[in-house]
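Structures for review follow.
Each of the two complexes below includes chain A, the first together with chain B, the second together with chain C.
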Partner chain A sequence: MAINFLYPEYEIVRKESRCIACRACENQCAHGAHEFLADKGVMTCDESKCVNCHRCVCICPTRALKIVKSGNAYKQNANWGQRTVDELYRQADSGGVLLSSMGNPQNYPVYFDKILLNASQVTNPSIDPLREPMETRCALGAKPHRIERDKKGNIKNNLPPQLKLSMPILFSAMSYGSISYNAHESLARAAQELGIYYNTGEGGLHEDFYKYGKNTVVQVASGRFGVHSGYLNAGAAVEIKMGQGAKPGIGGHLPGTKIVGDIARTRMIPEGTDAISPAPHHDIYSIEDLRQLVYSLKEATDYKLPVIVKIAAVHNITAIASGIARSGADIIAIDGFRGGTGAAPTRIRDHVGIPIELALASVDKRLRDEGIRDNVSLVVGGSIRSSADIVKAVALGADAVYIASAALLALGCHLCRSCQTGKCNWGIATQIPQLTKRLNPDIGCKRLVNLLSAWKHEIQEMMGGMGINSIEALKGNRLMLRGIGLNERELAVLGIKHAGE
Partner chain B sequence: MKIDAANLDFEQLNKALKNVQGDSIVDNCLGQRFIGVKRNSGKLTLNGTPGNALGAYLDGAVIEVFGNAQDAVGDTMNDGKIIIHGSAGDALGLAMRGGEIYVKENAGYRAGIHMKEYQEKKPVIVIGGSAGSFLGEYMAGGLIIVLGLGATKLPLKNFTGTGMHGGKMIVRTKQLPEGLPPQVSAAKASMADLQEILPYLTQFSALFTISLTPKKEDFFVLKPNAKNPYTKLYTEN
Partner chain C sequence: MKRVYVNENWCLGCRLCEYHCAFAESRQKDMARALRGVKINPAIRIEANNGISFAVSCRHCKQPLCVKACITGALHITNGIITADKARCVGCYTCILSCPFGAISQNETGVIQKCELCTASHGSPACVKGCPNNALVYEERE
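Let's look at the complex of A and B:
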C-alpha cells in the first residue's frame, strides 16, 4: 500500500469527561469525521476527514469538542512551508490541479487595515446619528452630464435607470447551484427587507424567487445559464460577468454532482452534466464587442434597467475600466483578488489579481482624470469584511460595495474553504437535501438583516464622527483617510496622505 | 407592416419594430444590430443584411433573412425560428437554448458554441454549406446539422467540438473528420440518427427549395465522450 504523506492539519479534541456519546457530531458531519464505536460505547474520530468547519463544535450540547491546529510539524524551513509541501504531496499523489474555495487566505497586505479614518474635533463638529438625520441612501447608475430643459424651460428628466439602495451595500453574485436554495432565499428576503439587492450569480433565477425581482440583480456570464427574456426582465439590473476576483482569466466548472433537480432546470442543462462557463465570453474580444452585449441587454430590457459590468481587479484595471465606462455600461463592479468562490484552482486564487483598495483608488482617479467618472457608478468587492472597510472604500471613491463572504459568514459559514466538496455542513454550499435543510431561511434572513442593520449604524457613527451627514459627501473624500505603515508609492496609488501629515 | 430601414440606426429601427404587433417586413437592412431581440410572436422578413445579434434572446417569433447575416445570430435564443437565405457570420446560435436556425449557405467560426438543452427544449442549427472552426465548442446540448452542400471537401474546419460535453453534431461527409479533440467521438450515423434529422432536412428543403436525398451512409455523428470532461482534472486542496 502506498504511504499517505499527509498528516491532518487539525486535530479534533474531545473532552471524554464531557462527551455523552449522543452522536450529534457523527450525525452532523457530512465528511464522516466522527464515528461511534458501539462495542466500546464511545465516540472516535478521523481527523483526515475533518475540514475544520466547526459544525460539530457548535452543535455539541456539552461543549466537549474543539478543533486545534495539529502539533505535527515538518522540520522547520523558511522556504518550504508546511502548506507548500502538503500541496506538493497532494499533486504527486493525484496528478490533479489543486482546487480550493472561498477567498485568498495568503498573507498579502490588507490595505484597508493600513488606512485610518478621520474624526472632527473642535471645528466642523461631529454629528450624532441618534439625534440627527444621517443619509446612507445612494443611487447606482450613469449620471447625466448636464441639465436639459424643454422649450418651456422645465427641467427634463434625463436620468438613466438607477438602482436605489438604503445603504451602499449589495450582496454579490453567488449562483443557485454553488449555494443552496435556502441560502438564496435568505439573501433575497434580506435584500428585500433591507432595501438593497442580491445577485443571482450565473446559474439563472429559480422560479420561486421571481417575486423578489425588485431587489434582484440578474447575472449573464459566459455560460449564459438560465438566461432568457423573462429572466432578464425579472430583475432590477442586469450584470455581465466578465471576471471574478477569485479567478481572474478563467471560467467556471460547476461539477455535475451539483447539477441536480431544480438546478438543472434553472440552468437549462441536463442533470449530472458539468456546467462549464468558458473563460472568455466568446462574442467579446474588445470593448466594442462588450458594447454589443451591453446594448443587446438594454434592447432586451427596453432600456429600463441599468447594466453592470463586473470585472476582476487585474494589472491594467484602469485602462479596462476606462473602456467599460465608454461601453454604455451604467455600473462597473470590480472584484479584488481576495474575493471568494465556490471553487477555483488554488494557484489562480492565491496568485492572480491585485488588491481591491489599489484597484479602486486607481480606477476612480483615472475616470475622474478622463472626465467620465459620472458615466458609471463603481461597486467594489473582494473582500469587504466590516463597516469600516465600507467607509474606507467609499472614501476611496466607491459608490457602493459588494459583500458575499461576509454574508455567508452571517449564515453560518466558518471559512473552512471546502465549498468545492459540495458537502457544506452549514447547508450553504451544498445541494444535499439533508444538509441544505439545516439552513433555515427565516433565521438566515434575520441574521443578514441584523448584520447589515448594525453595519449601517456603524457607518452612520463613523460618518457622523467626521462631520459628514450623507454618504454622497463621503464618496471619494480621500482627505478623510490616512495611511499607516505605507510607503510613498502605496500612498500615491491610494491617493492619500500618511498619518501625521 | 413595412419599414424602410435605410437611414435608420439600430435604436430607431428596433423601436419602430417594437411598436408593431404581428408580421413586419424590413427593407434595406444594412448592419442594424439587435433586430428582433426577444420577439415572441409573428414573423419578421428582412431584406438586406441585418447586423450582429440578430434575434438575440428570440422567444418564439420567426425571422427570415433574404441576404446574409452577421455575427451572433440567435444569441441565447430561447424559442422560434431564424431562416437565412445566405451565409451567417461567427458565433451563430451562441448559447442557444431552444428554437431552430436554418442557414442556406455557410457559417463562420464558433457556430453553436455552448448550445444547451433541457428536456423538451432542444435547439437545432442546420447549416447548408460548411462550418468554420470551433463548431460546437463547449456544446452542452442540442443538435447541429452540417450538410456540406457545394463543399468539395470536409465541411468542417479545425477544433470542432472542443470542450463538447453534451448534444450531437451530424455532418454530411464521406470521410471521417480527422483531428477531433479527445472529448469528441465520431461514428457513422445510424438509422435512428437519420430519423432524428429527417424533419429538419425536410424543412430545409422546403425553405430553400433544395432537394435532398439523405442516406445514412452519407452522415457522420459527433458526440461527446463524457458529460463530465473535467472530473479528473482536479485534486481537492
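Let's look at the complex of A and C:
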C-alpha cells in the first residue's frame, strides 16, 4: 500500500464520562466515522472519515462530542501553508482537478466588514420602528422613464412587470438535484409564507412545486434542463443564468449517479446520464444574442414576467452590466466571488472573480452615469451573511439581495464544504433517501421564516436608526456608509468616504 | 385526547426517543449520569428494516385489549391514558400477548411496563421532545 501523506484535518473528541453509547452518532454519520465496538460496549471513531459537518455533535443527547482541529502540523512556512501542501499531496495522489463546494473560504478582504453604517443624532431624528411604519417592501423590474397620458389626459399604466417583495431578499438559485426535494420544499414554503421568491436553479421545477409558482423564479441556464413552456409560465420571473460567482466561466456537471427518478424526469434527460451545463450558452456570444434570448423568453411568457440575467462578478462587470441593461432584461443579478456552489474546481472557486461589494458599487455608478439605472433592478449575492450586509448592499445601490448559503445554514448546513460527496448528513446536498429525510420541511420552512423575520426586524432597526423609514430611500444612499481601514482607491471604487470624513 | 403519533417519513431511526424515554423514567437530572453504562429498557421502541423506521409505543386505544385481558386489574384507564399499577401486576403477561402493537414489555423486576405519556413525571412525553426531526408528535386527532 502506498504511503498516505495526509493526516486527518480534524479530530473527534469524545468525552467518555458523558458518552452513553446510544449510537446516534454512528447512525447519523453517512461517512462512517463512528463505530460501536459491541464486544467492549464502547464507541470509537475514525477521524480520517470525518468531514466536520457537526451532525454527530448536534445530535448527541449528552453533548459528549466535539470536533477540534487536528494538532498535526508541518514545519512552519509562511509560503507553503498547510492547505497548500495538503492539496499538492492530494493531487500527486489522484492526478485530478481539486473539487470544492460552498463559497470561497480564502482570506480575501470582506468589504462589508470594512464599511460602517450611520445613525441619527440631534439634528435628524431617528425613527422607532416599533411605533412608526417602516417600509421594507420593494419591487424589482424596469421602471418607466416617463409618464404617459392618454387622449383624455389620464395617466397610462406603462409599468413593466414587477416582482413584489415584502423585504429586499430572495433565495438564490439552487437546482433540484444539487439540493434535495425537502430542501426545495422548505425554500418554496418559506418564500410563500414570507412574501418573497425562491429560485429553481437550472434543474427544472418538480411537478409538486408548481403550486408555489407565484413565489418562484424559474431559471434557464446553458444546459436548458427542464425548460418548457409550462415551466416558464409557472414562475413569477424567468432568470437567464450566464454565470455563477463560485465558478465564473465554468459550466456545471451533475454526475449521472445523481440523475435518478424524479430528478431525471424534472430535468427531462434520461436516468443515469451526466447533466452537463456548458460553460457558455452556445447561442449567446454577444449582447445582441442575449437580447434575442431575453425576448424569446418574454414572448414565451406573453410579456407578463420580468426577465432576470444573472452574471458572475468579473473584472469587466460594469461594461457587461451596461450591455445587459440595454438588452431588454428587467433585472440584473450579480453573484460575487464568495458565492456558493454544490461543486466547483477549487482553483476557480478560490481565484476567479471579484468581491460583490466592489462590483455592485461600480455597476450602480456606471448605470447611473449612463442614465440607464432605471432600465433594470440590481440584485446582488455572493455571501450575504446578515441583515447588516443587506443594509450595506442596499446603501451601495442594490435593489435586493440573493441569499443561498445563509438559507442553507438555517436548514442545518455547517459549511463543511463536502457537497460534492453527495453524502450531506443534513439532508440538503444529497439525493440518498436515508439522508434527504433528515430535513423535515416543516422544520426547515420554520427556520427559514424565523431567520428572515429576524433579519427584517434588524433591517428596520438599522433604517430607523438612520432616520430612514423606507428601504427605497436607503437605496444607493452611500452617505449612510463610511469605510474603515480602506485605501483611497478602494474608497473611490465603493464611492464612500472614510470614517471621520 | 392527545396521543403520540409517528410519521415514518421523518423517522431517522436514531433511537433518541428510546433514550429520552429511559432518561425520563430514571427521574434524574443529567442524562449522561443516568444512562452511562446502563442497558436501557424503554417503553418506546424503534422498529427498523430496509430503510424504513418508526417508533412504536402504546396507542392508548379507546377499547384496549390489554385492559380487558388483565387478570388482576393492574391495567386501567385514567382520563384516557392506560396506566399500569405495578403493585397489582403479577407478571402473567396476558397483556403483552394481547396487545396488537407489541407496545407492552416487562421491566427488570418482572412486572409489566408501558408508555404512560410521561404525564405523571414530566407533563408531556419526553420522546416527542427529544425527537430531532418531528417524526413524533403529541397532538389531538380524531
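One rule holds for everything that comes next: the second predicted complex is superposed on the first by the 501 of 501 C-alpha atoms of A that agree within 3 Å, B and C clash if a C-alpha of one lies under 4 Å from a C-alpha of the other, contacts with A are read in each partner's own complex, and residues count from 1 in each chain.
Methods note: a contact is a pair of C-beta atoms (placed from the backbone, for glycine too) under 8 Å apart; a residue touches a chain by one contact, two chains touch by 3 or more.
All of these numbers come straight from a predicted model, not from anything done at the bench.
Three-chain overlay on chain A, with chain B and chain C fitting side by side and no clash.
In the superposition on chain A, A:A279 contacts neither chain B nor chain C. Touched residues of chain A were counted for both chain B and chain C, and B has more of them.
By the touch criterion defined above, A:D93 lies against chain B but remains apart from chain C after alignment on the C-alpha atoms of chain A. Contacts of A:C19 after superposition on the shared chain: chain C is touched, whereas chain B is not.
Within the superposed three-chain model, A:A319 lies out of touch with both chain B and chain C [touch as defined at top]. Contact with chain B, but none with chain C, is seen for A:P255 once the two complexes are overlaid on the shared chain.
Seen from the C-alpha centre of chain A, the directions to the centres of chain B and chain C diverge by 110°, a value given as a multiple of 10 for the model superposed on chain A. Within the superposed three-chain model, A:A264 lies in touch with chain B and out of touch with chain C [touch as defined at top].
Minimum Cα-Cα distance between chain B and chain C in the superposed model: 27 Å. Residues of chain A that touch chain B in their complex: 87, 90-91, 93-100, 222-225, 227-229, 232, 253, 255-256, 264-265, 267-270, 272-276, 278, 282-283, 292, 295-296, 299-300, 302, 345-346, 418, 420-421.
Only residues 10, 14, 18, 33-34, 37-38, 40, 52-53, 56-57, 59, 71-72, 75-76, 78, 90-91, 94-95, 97, 110, 113-114, 116-118, 121, 137-138, 140-141, 163, 165-166, 227-237 of chain B touch chain A when the two sit together in their complex.
Partner chain A is touched in their complex by these residues of chain C: 9-16, 18-20, 23, 31-32, 35-38, 51, 130, 132-135. Contacts from chain A toward chain C in the complex involve residues 17-20, 22-24, 27-28, 59, 61-62, 64, 433-434, 437-438, 440, 442-443.
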